[in-house]
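In this document, chain identifiers A, B and C correspond to the written order of the chains, with residue numbering beginning at 1 in each.
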Amino acid sequence: MIDPDSNIVTKEAVAKDWLPRYTGTPVEEIGDYVLLTNFYAYVDQFAERFGCEITGQDRRMQAATNKDGLSIINFGIGSPNAANIMDMLTASKPKAVLFLGKCGGLKHSTEIGHFILPIGAIRGEGTSDDYLPQAVPALPSFKLHKFVSDKLCECELEYRTGVIYTTNRRVWEHDEKFRQKLKSYTPIGIDMETATIFIVGHANKIARGALLLVSDVPTTPDGIKTSDSDAAVSRNWAEIHLELGIDALTGIGEKGEEIKHLRYENQ
Amino acid sequence: MIDPDSNIVTKEAVAKDWLPRYTGTPVEEIGDYVLLTNFYAYVDQFAERFGCEITGQDRRMQAATNKDGLSIINFGIGSPNAANIMDMLTASKPKAVLFLGKCGGLKHSTEIGHFILPIGAIRGEGTSDDYLPQAVPALPSFKLHKFVSDKLCECELEYRTGVIYTTNRRVWEHDEKFRQKLKSYTPIGIDMETATIFIVGHANKIARGALLLVSDVPTTPDGIKTSDSDAAVSRNWAEIHLELGIDALTGIGEKGEEIKHLRYENQ
Amino acid sequence: MIDPDSNIVTKEAVAKDWLPRYTGTPVEEIGDYVLLTNFYAYVDQFAERFGCEITGQDRRMQAATNKDGLSIINFGIGSPNAANIMDMLTASKPKAVLFLGKCGGLKHSTEIGHFILPIGAIRGEGTSDDYLPQAVPALPSFKLHKFVSDKLCECELEYRTGVIYTTNRRVWEHDEKFRQKLKSYTPIGIDMETATIFIVGHANKIARGALLLVSDVPTTPDGIKTSDSDAAVSRNWAEIHLELGIDALTGIGEKGEEIKHLRYENQ
């Protein structure tokens, strides 16, 4: 095997080459504030609202940036893609990144269409052990979440807080052992990216948060996501989800005091 | 938390609903033989060659099926997506699945454009511990690989065999600790899906294989994949890569003896 | 205690001294192709068939070599002896080594007298962790197995492929915990040498394979090996087992293309 010491490139160099390669967008065009999504429709809606161009249509990830320096990137599904975008964003050093994701609700109190502002995420299988030891919890930047929660209150929207279980696993609803393990962890929801975005953001000193929309309740009767249910969630809740994200990251850029404080969130 | 025992659905029911939801393709239209790819261009090229329709243009995964019952599916990047498609394919019970992927070469003897027929894959972080214990190796179906290797010999194409290291990790080239660990495992290449396709295929009793194209040599000077190098690999090698996959899975369907033997590969 | 730094000998020097010491055979008399067996009877049968001498009658291991440069060595039972012979063979650098072993069948589909061509082996307790990290799977050389499978097909013999569990443990049939663990690993058979031959072969860059004969089915009623059942297996199947091994390693020496390809199998 080739000598592992022979060619130490810097992470910065890789990130600077890869961010444009994946998004079809020059590094300097990525805004200071970044919304992350798994849904092309969110990018489309964003571009329409602000009359801006969508880049990366022929790439892995699509992006759009408005005149206020707010970007949105559709990075795909799962921890590998989530870790990758959080690594590549070290090239543009954003001031804050907010993930607008969907999750499965796991509590009686969580219903489809609810918003969850996770206080932490459990690093299930496949969520970035190479970045920091397993004992380090995957957490959002507090002041970013505080700001998002203020926005939710202003809009008179209810939200839940709690811990998300993040895993590589998709089809698990039939797996009794997995369900028991999940129960023992007492999470409020389950998804595939949040822990990874938090822990890689922490490792890379990027302020990060997540505002999740409950799109299914997989452990209740008829609660597993299906074609019909998913379409209904998108129809009813996706627009307000994106609006909240835009509002939060736009507002935070306008408030000098908050921005100043944000740098302490990096660690 | 909701009682984990309250709603045990079958995996089959989930797979039957999700396969069409993800691919925009009815279960019965997926062929007996399936090529998996991470590249939309492969699906496009396949559809053009056989004059067949691409389904799922508005979905996560795109698919096309020719008149011989051979399908191709672009399932995306990374282990979560790889495990998901291998779970969803239990709905259509394909006779064989061949992954046409790209990998990074890790040996002096592997150069860009070489083909690798992996004899096994190391289940690095994020590659499906929930399916089978870590001690179970991630292996391809022998008779499928035997058939693919015959095709390579017929075309007078050289190929390498060896072990692939599969990981969730993307940007690792700068990470000395990761590189040392990688070296101790002596793999011939590194990718993000092969071990997952093998182990989930084993768990789901689906005959599976992988024909990988070396698209970069990340541990040599100037070897990390860049926009330019990736385009060059695609231009020169992608067409023959897809052709080999089509040939192999078409040929195997025509040879009764091989099909009969394939069932023993399930375990 | 002896100073650990005082006398660093090379592995090559030890192997060159030990191979004749263990087998009673000069290094240069060992052929380019080597059959490994646990049975003196196989060596005896081989010597009779080719009219060649048996060396090492007064040693730990007995060997015989025919005029085509094919050797057979009875190395004894278990991983320690298997690792030892695979280390000692680095002295003669054989082009390929094929283990003709017996295993216990663990599937409904495996019956006494069936042949198994293992696609890999699980490194159970005692099977050579000192050679390579546990994450590295124990695998045969693909092109050697491809050739052996062609021979089986030519002879119109059915064979199974699958994973072998290799362990130091002998008497385990009564041990419920061990049986449960074994079941969770889903192996097709259990033996005491295959994983060790594969992993030490990999570490030593020796092309290696295994053709196993199912000699008992230990998890079914009356399936545990007894003197009578073992004699029956030997009577019926041992001769064809050895013939297949001879055919495969003789044929592979005659086919230039295959030999050339074999060098890639070393890793």
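Definition applied: a contact is a pair of C-beta atoms (placed from the backbone, for glycine too) under 8 Å apart; a residue touches a chain by one contact, two chains touch by 3 or more.
What you see is a predicted model, and the numbers here were worked out from it, not measured in a lab.
> Classify the chain contact graph as line, ring, star, complete or other.
Looks like a simple chain-to-chain line, open at both ends.
> Please name the chain that ends up farthest from chain B once chain centres are defined by their CA atoms averaged.
Most remote chain from chain B, centroid-wise, comes out as C.
> Suppose each chain is reduced to the average of its Cα coordinates; what separation in Å results between chain A and chain B?
27
> Distance-wise, how many Å sit between the C-alpha centres of chain B and chain C, to the nearest whole number?
Whole-Å distance between the two chain centres: 31.
> In whole angstrom, what separates the CA-based centres of chain A and chain C?
Chain A and chain C have C-alpha centres separated by 51 Å.
> Hunt down the residues of chain A that sit against at least two other chains at once, touch-wise.
Not one residue in chain A touches at least two other chains.
> How about chain B: which of its residues touch chain A in the complex?
Where chain B meets chain A, its residues are 1-11, 14-15, 17-18, 20-21, 60, 76-81, 83-84, 87-88, 106-108, 125-130, 167-176, 178-180, 182-183, 186-187, 192, 217, 219-221, 223-224, 226-227, 230.
> Mind listing the chain C positions that touch chain B in their complex?
Interface residues on chain C, with respect to chain B: 107, 109, 117, 119-124, 132-133, 135-143, 145-146, 149, 153, 160-163, 184-186, 188, 202, 257, 264-265, 267.
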